[in-house]
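Chain naming follows the written order as A, B, C and D, and within any one chain the residues start at number 1.
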Amino acid sequence: MSPAIKDNSSLDKLRRIESSRLFQGVVISIIILSALTIGAKTYELPPLAEQALSLMDWGITVFFLIEILFRFAACPTKKRFFMDGWNVFDTLVVIGSLIPLDNSDAVLLGRLLRVFRVLRLVSVVPELRFLINSLLKAIPRMGYIALLMFIIFYIYAAMGALFFASVDEELWGDVAIAMLTLFRVATFEDWTDVMYATMEPFPLSWIYFLTFIFLTAFVFLNMMIGAILEVMSEEQNAAQAKQAHDERDEITRQLAAVQEQLRDLTKQISEQSSRR
Amino acid sequence: MSPAIKDNSSLDKLRRIESSRLFQGVVISIIILSALTIGAKTYELPPLAEQALSLMDWGITVFFLIEILFRFAACPTKKRFFMDGWNVFDTLVVIGSLIPLDNSDAVLLGRLLRVFRVLRLVSVVPELRFLINSLLKAIPRMGYIALLMFIIFYIYAAMGALFFASVDEELWGDVAIAMLTLFRVATFEDWTDVMYATMEPFPLSWIYFLTFIFLTAFVFLNMMIGAILEVMSEEQNAAQAKQAHDERDEITRQLAAVQEQLRDLTKQISEQSSRR
Amino acid sequence: MSPAIKDNSSLDKLRRIESSRLFQGVVISIIILSALTIGAKTYELPPLAEQALSLMDWGITVFFLIEILFRFAACPTKKRFFMDGWNVFDTLVVIGSLIPLDNSDAVLLGRLLRVFRVLRLVSVVPELRFLINSLLKAIPRMGYIALLMFIIFYIYAAMGALFFASVDEELWGDVAIAMLTLFRVATFEDWTDVMYATMEPFPLSWIYFLTFIFLTAFVFLNMMIGAILEVMSEEQNAAQAKQAHDERDEITRQLAAVQEQLRDLTKQISEQSSRR
Amino acid sequence: MSPAIKDNSSLDKLRRIESSRLFQGVVISIIILSALTIGAKTYELPPLAEQALSLMDWGITVFFLIEILFRFAACPTKKRFFMDGWNVFDTLVVIGSLIPLDNSDAVLLGRLLRVFRVLRLVSVVPELRFLINSLLKAIPRMGYIALLMFIIFYIYAAMGALFFASVDEELWGDVAIAMLTLFRVATFEDWTDVMYATMEPFPLSWIYFLTFIFLTAFVFLNMMIGAILEVMSEEQNAAQAKQAHDERDEITRQLAAVQEQLRDLTKQISEQSSRR
C-alpha cells in the first residue's frame, strides 16, 4: 500500500468521525458550555468559582483549537477550507482566544471575542446556517429601499438640524444627532415630547413630524409588501411551472396516443385501398 | 339481554346526553359563571356577597366534579379518556379545586387553580379547540427562528453586561437582566432613555442599539414573511393539486372517449376489410 | 292620464333628481360644511361668529330634513326605505338634531348628535359605503380569535388582580382595571414601568409579562396571517375556477369537434360498407 | 454638410456624453459631496472650514447650473425637457440656489433649498426613480381608506374637544389639537397618560380610547391586507393568463394536428369510395 492511499483512508476516517452524530453533539455541547461560561462571568462570583470558570475557559479554548485543527485535517483540499466564510470565522475566533491579554482594555477585547464563540452555534447547526443564508439572500432585495430611507432620514435630519438646533442642542445639535432623534421618532419612542418642544417656537413643526412619520411608514409598509410579493411570486412561478408541466404531460401523452391510433388507422385504410 | 349489552345501551344514552346541545349549553354557562365568580372576587365586596361567592364556588366545584365523572362514564374506552390532553387538564383543574386549603399561601394557589377553570371554555367549545390546535401547529415552524433570536439576544446581552454594567447595574447587572433590558429595547419601550444613559460614557454605543434593533426587526420581519408564505404555499399546493386533477379529469375523460371511438372505427374498418 | 301614472312619472322625476351629480354634490358639500361647523365650534369664537354658526347649524338641520324627506318621497316602496341601515341612521341623526335642548347636559348630547352628521359622508359616498361593508364582512372572521384573546386577557387579568393588587391598587385593583393595564402592556405603553414595580415584591413576575406579551403577539400574528390567507384563498379560488373554466372550455370545444369529426367518419364508412 | 445635420451630430455627441458612465458617476459624486456639505454645515466649524464650505457650495451650484444647461442642450425636443417632473424639480433647485440672499430669514430658505439638492440623487439614479414611481402608484389605492381614516379621526377629535377640553386645554383645546392628540394615541405614544387624565372626571372615557384604537387598528390592518391582496392578484392574473395561454397553446396545437389528420383520413376514405 502506497503512503498516498494510506493517507487517503485516514482522511476518510477523519471525515467519518467529523460527520458523526457523537462528534457534532460534543461540539454543540461545548459551545453551549462556552456560552454559559460567558454568561456566568457577568454575575458576581466567589473567587473559587471565578478560578473554575477561568480553567474551564482555557479548556474550551484548547478544545476549540483541537476541533478546528481536526476539521482542517479532515478537509480533503486545504485551500477550500478557508474559502468557506464560516471556517474563517471559526479560525479567527479561536486564534483571538489564544492571544495572551494583560492590560484591562485588552481583557475586555478578549471577553468580547469569547462572546462571539456563541455564534459558532450557527456555524455548527446546519438548520441555523441555512436560515442565516436565506436571511443574507434577503438583504440585496432591500438595498435601494434602504438607500431611499437613508435619503429621507438625511434630508429631514438636515432640515431638523437647520431649524431646531436652537430648541434642543442634544436632540438636533448636528445632522448625525438629528438622524438618531429621527430614528427615535420613527420608532414612536416619546416622539410627542420631541414634537411638543419644537412646536413652542415653531407652531407648524407638527407638519415636519407627521410628514416624516407618514413617509417612513409608507415606504416601510410598501417595502414589506414588496418583499412578501417578491418571495411569493418566485415560489409560485416555480410551483406553477412544475404543475403546468405535469398537467400538460398527461394530456399530451394521451393526445400522442390518439395521433398514433389515427396514423395506424390511415395506414390500415391505405393498405386496404392498395390491396384492392 | 346480557349485562354487557345493557351496559352498552346505557353508555350510548350517556353519550347522547353528553353531546346534546342542552348539556353543552349548561356546561358553558357554568364555566362562564365560574369566570364571573373569579372576576367578582377581585373586587372589594360586602361579607354577605363574599359568602354567596364562596357557596357558588363550591357549587361550581361540585358541578365540575360531577361533569367530569359523567364524561368519564360516557367514554367507551377508559384509557383513551386520559390520552386526550384536554381531559387531563380538566381533571387536574377539578382535583386541584377539591384540595382543602388553610394557610394564606395555599389560598392564593387555590384561587390560581380556579383561574385556570376559565381555560375549560377552550376545551368545551370545539371552535376554540380547533383554533388552539392550529396555533400549536404553528409553533415548530418558528423553532429555529426562535433559537436564532435567542442567540442574538444572548450575544448582545453578554456584550451589554460586559460593557454597560458600570453604567446602570439595574439594567445591565448580569446577562439575564441585560436580556430583559434588550427585550424592552426590542419593544421600543423607552429604549432611548437606556441608550442615552450608555452614550455618556460610551459615545459610540448607539451602534450597539441600532444594530440590535435592525437585526431583531429584520429577523422578525423575515420570520413573519416566511410564516405567511409557508402556510400559503401549503394551502395553494393542496388547492392547485385538486384543481389540476379536476381539470385534467374532464379532458382525459373526453380523450378516452376519442380513443374509444377510434378503436371502434379501426375495428369496423378491419371487419369491413375482412368481410370482403 | 290616471293619477297613479302621473304619480309614477313624478316619482321618476324625483329619482332622476336624487341620482343626479348636482344633487349628490350639493349634499356632500353641505355635509362637509356641517363637519366644518362642528369643528369650528370647538374653537373660542367671537359672539358674532358663534351666532353665525348657530344660524348655519339650523340651516343645515333644515336642509338635512328636506333632503331626507325628498329621498323618502323618491323611494318607490316606502317600507324598503327603512330596511336600509344607512337610511335609518340618517333619519335618526336628523330627528335628533330637531329636538330642542335647553339645559347644559342636553346641549352636549345635541352637539354629540351633530358630530355623527359627519358619518353621513359615508352613507352618501358609494365608495365609502362599499369600504365599510367590506370591513363589516371582515368582522365575523375574527370572532373566535377575539374570544380567545378575551379569555387570555381575562385569565391574566384575574391572576394580576390576585397577585399584584397589593403592589398598585390603581393598576391591578380589580379584574376590569387589570384588563385595561394588560391592554396597555399589549400596546407596549410604558409596560416596563408596570413590570419593574411588580418585580420588586415578586422577582419572577417578568415571566407573567413576557408570557403574556408572547402569547398575545403570537395569537395576533397568526390571526393576521390567517386573515390574509383566508381573503386570498377566496379570491384565488374564484380566479382559478374562472381560469380553469375558460381554459377547459377551449380544449373541450376542440375535443367535441374531434368527436364530431370521428362520428361523421364512422357514419361515412358504415354508409360505404352498406352501399357495397 | 448642412448646419442642421452638423447640429444634429453635435446633439448626438452631447447625448452620448450625458448617458456615459463617467458623466453619471461625476454627477452622483457631486450630489453626494453636496449632501455632505449640507451635513457638515450643521456642525460647529472653525472659520476656515466655514469659508471652504462656502466656496465648495458655490462650486457645486455652478456645476449643477452647467449640468442642467448641458442636459437641456442634449435634449432633442426642448419642450419635452420641462414635461418631465424631475427636470422641472432639478431646474427649480438650481435656480433657487442662484438667488442671492442677505437677511437671516432668507439664509434659512437658501439652506433649505440646498437640502433638497440631496433629492437630486433620486432623479439621477434610475433604480431610485423607478422605486419612487412605484410608490406613487400605490397612493391612489389608499385614497378612500385615507378618507375613511380622516373621518374617524375627525369624529373622535370633535367628540374629544367637546368633552375633554376642560380636562387638558393643551391636548383637547380644539378639533385640530385633538386630532394631533389622537394621532399620538394611534401611535401608542404615552396614550395611557392621556387616558388616565380623562378618566378622572369621565370614568367611562376608556371606552372612547379603546374603541378608537380598535377602530383605527382594524381599518389600518384591513387596508394593509387589502393592499397586499390587490398587488398580488394583479401580478397573479398576469402570470396565470400567460401560463394558461402557454399551456393551452401546446394542447390546442396538438388537437389541431389531430383534426388535420382526421380531415386527411376523411378525404382519403371519400376518395376511395368515389374511386370505386
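Following the convention adopted for this analysis, a residue touches a chain if its C-beta (ideal position, glycine included) is under 8 Å from a C-beta of that chain, and two chains touch if they have at least 3 such contacts.
This structure is a prediction, so every number in the text was calculated from the model and none was measured.
Taking only C-alpha atoms, you rotate chain C by 90 degrees to land it on chain D; that is to the nearest 5.
When chain centres are defined as mean Cα coordinates, A lies farthest from chain C.
Centre-to-centre spacing of chain A and chain B amounts to 29 Å, using the average Cα coordinate of each chain. If you average the Cα atoms of chain B and of chain D, the two centres end up 41 Å apart.
For chain B, residues touching at least two other chains, in rising order: 188, 190, 228, 232, 236, 240, 247, 251, 255, 258, 262, 265, 269, 272.
Under the stated contact rule, the graph of chain-to-chain touches is a ring, a single cycle where every chain has exactly two partners. Per the contact rule defined earlier, chains pair up in contact as A-B, A-D, B-C, C-D. Put simply, chain C touches chain D in their complex at residues 35, 38-39, 42-43, 108, 111-112, 115-116, 118-119, 121-122, 127-128, 131-132, 134-135, 138, 180, 183-184, 187-190, 224, 227-228, 231-232, 235-236, 239-240, 243, 246-247, 250-251, 254-255, 257-258, 261-262, 264-265, 268-269, 272, 275-276. Interface of chain B with chain A (complex): residues 144-145, 147-148, 151, 154-155, 157-159, 161-163, 165, 173-176, 178, 188, 190-192, 206, 210, 213, 218-219, 221-222, 225, 228-229, 232-233, 236-237, 240-241, 244, 247-248, 251-252, 255-256, 258-259, 262-263, 265-266, 269-270, 272-273, 276.
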